[in-house]
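Several structures are given next for inspection.
Same chain, two partners: subunit A is paired with subunit B first, then with subunit C.
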Partner chain A sequence: MKVKVKSWHAVAHWRWDTGAPEQDDPDGEGDVCGICRVPYEGCCPSCKMPGDDCPLIWGECTHVFHMHCLLKWIGTPASKQQCPMDRRTWVTAERKVGGAAPS
Partner chain B sequence: MDARLRRVNKEIADCKNDKTSNIQIELIDENPFHLKGSFPGPEGTPYQGGHFEVDIVIPESYPFQPVKMKFLTKVYHPNVSSASGAICLDILKDAWSPVLTLKSTLISLQSLLCSPEPNDPQDAEVAKHYTTSKNSFDETATYWTQIYAGGPGAKEKKGKSAASKAEARDEVAIAGLEKAHVDQFEALGFPRSKVIDVLRRLNYRGANVAKLTDDRVVEELLK
Partner chain C sequence: MTSISARRLGKELTEIKAEGCPVGINLVKADDFATWWFTIEVMGESLYQGEKYTLQFRFDSNYPISSPAVQFVVGDGKVSPVHPHVYSNGHICASILGNEWSPVLSVIAVCVTIQSMLASCKKKERPTDNDRYIRFAPDNPKKTRFHYDDDTV
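Take a look at the complex of A and B:
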């Protein structure tokens, strides 16, 4: 039998390399940003499209958030410039420079 | 959809799916930003057996601003206003973090019931009662749980009828005072409600009773 391919659709899957192991995913959502509760692979509430325009940010404390969410929090006086998870002074870790390439 | 609404809807759903925490969040009406939370009183405390309801208001800039919570159920606790239900808890104020959720905040309230902080009171009179006489405080808190939070009461255990359960609440026990003390000053001709008011305000309990002279009490009663 001869098959003629008339058209095809490529499907790709991506995920930010958060350094976390691929866990089994009980709610099928993956890890979420602790601030907006949207998956890392989604985007922060102010963006429309996920991807490089709405990257993640890493703290030296190893906590990860959508960059826009974290910056919004750090911009509020109530944050006292602290990481929302551990209340240590937020220091952005090296690896965010340039963003972790989607893998 | 608005980010705040999306997060709140998710939180309500997460709480529904969690069968282990005993925390409930429900809508009051159509408004998704005004909710009612509830949880059982922690075991091994005077609040055990009670069901505590909390009014929840989600501010415009949530989760960047703390959620507003106050007790709807009357609670006798140093960090809860006995009159308004207002709560003194750091995470509801300057220690708020956007990673906290409605559920985790309600769990914090539940644990506040386990560990009162009388040195940072919301209700100074209740805090004084707590520090002066822990036993008497526990009795009063247990009584409040019984009459306001539907906690187990001696009366119900005896299986009395509904009519007798509705009998007048014991104002002396609500104020955390001793009947003998109230009787003593009422016998001087002061109205009972005024005596209760003054003795509560003066923290006429435990070791404090010996420190307060009758003259001092009468002086307050005459004011």
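Take a look at the complex of A and C:
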């Protein structure tokens, strides 16, 4: 049997480069933001559109959150400016995609 | 627009219903996103063997950025466990409910912490300032400034 492709649709899918290996996703759900429990690729509860409008933020402690979630936490006195995961003082990391400095 | 607490609590509730609670912890009611009740039992050998207590969570619309108000239910046949960090009105002095709250914690994580706080208790007694505290205690335990001075019990 000979198959001839008459037309095709390209389907793409994106994810944030969190440094986690691509295959490391057993439940197929992706990693979630520890604060709102929504996948990184979704958006925080205050946003409607995922992506550049609801970006992630990386700490020097390597922990990752939706930027809006983390800023909401850091904005409260109770946070004492600490990372919710390890209670170290939050320092936003310079993002290096794929190990190279962003151009 | 749904509050951030409703979304997050909805997820926690779905997970509880799908996977169940850890041993000794049971969901009693979660009819809304304002107040949830759980029963807590300490499994295995402990001073609280065979006893069952009811733990109440109250959430505001900012949960999990703001901590839940957590206490034991007292009245209607329910009592608070006799423990050096638990007042007879049900209020609990535990750092994770106060200055060590983190938004990555969850309702179940709090239940487990309270359960192990009971499990590790060596002597059933009330906090030394119990009588003074309950006389002036606010309705909401979050309004109390507890001093967390003893990590051993």
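As a working rule, the second predicted complex is superposed on the first by the 82 of 103 C-alpha atoms of A that agree within 3 Å, B and C clash if a C-alpha of one lies under 4 Å from a C-alpha of the other, contacts with A are read in each partner's own complex, and residues count from 1 in each chain.
In this section, contacts are C-beta pairs under 8 Å (C-beta built on N, C-alpha and C of every residue); 3 or more make two chains touch, one makes a residue touch a chain.
No experiment lies behind these values; they were computed from the predicted model shown.
Engineer: Determine, for the superposed arrangement built on subunit A, whether subunit B and subunit C clash or fit.
Structural biologist: Aligned on subunit A, subunit C clashes with subunit B.
Engineer: First (subunit B), second (subunit C), both or neither: which does A:R88 touch?
Structural biologist: A:R88: touches no partner chain.
Engineer: So, A:W73: does it touch subunit B (first), subunit C (second), both, or neither?
Structural biologist: A:W73 contacts both subunit B and subunit C.
Engineer: So in the superposed three-chain picture, is A:G34 touching just subunit B, just subunit C, both, or none of them (first/second/both/neither)?
Structural biologist: A:G34 contacts both subunit B and subunit C.
Engineer: Find the residues of subunit A that appear in the contact set with subunit B and again in the contact set with subunit C.
Structural biologist: The overlap between the subunit B and subunit C interfaces on subunit A comprises residues 34-38, 45-46, 69, 72-73, 76, 78, 84-85, 87.
Engineer: What part of subunit A is in contact with subunit B in the complex they form?
Structural biologist: 34-38, 45-46, 69, 72-73, 76, 78, 82, 84-85, 87
Engineer: Spell out the residues on subunit C that touch subunit A in their complex, using ranges where they run on.
Structural biologist: Going by the criterion above, the answer is residues 2-4, 7-8, 11-12, 64-67, 99-104.
Engineer: Of all residues in subunit A, which touch subunit C in the complex?
Structural biologist: 34-38, 45-46, 69, 72-73, 76, 78, 80, 84-85, 87
Engineer: Mind listing the subunit B positions that touch subunit A in their complex?
Structural biologist: 3, 6-7, 10-11, 63-65, 94-99
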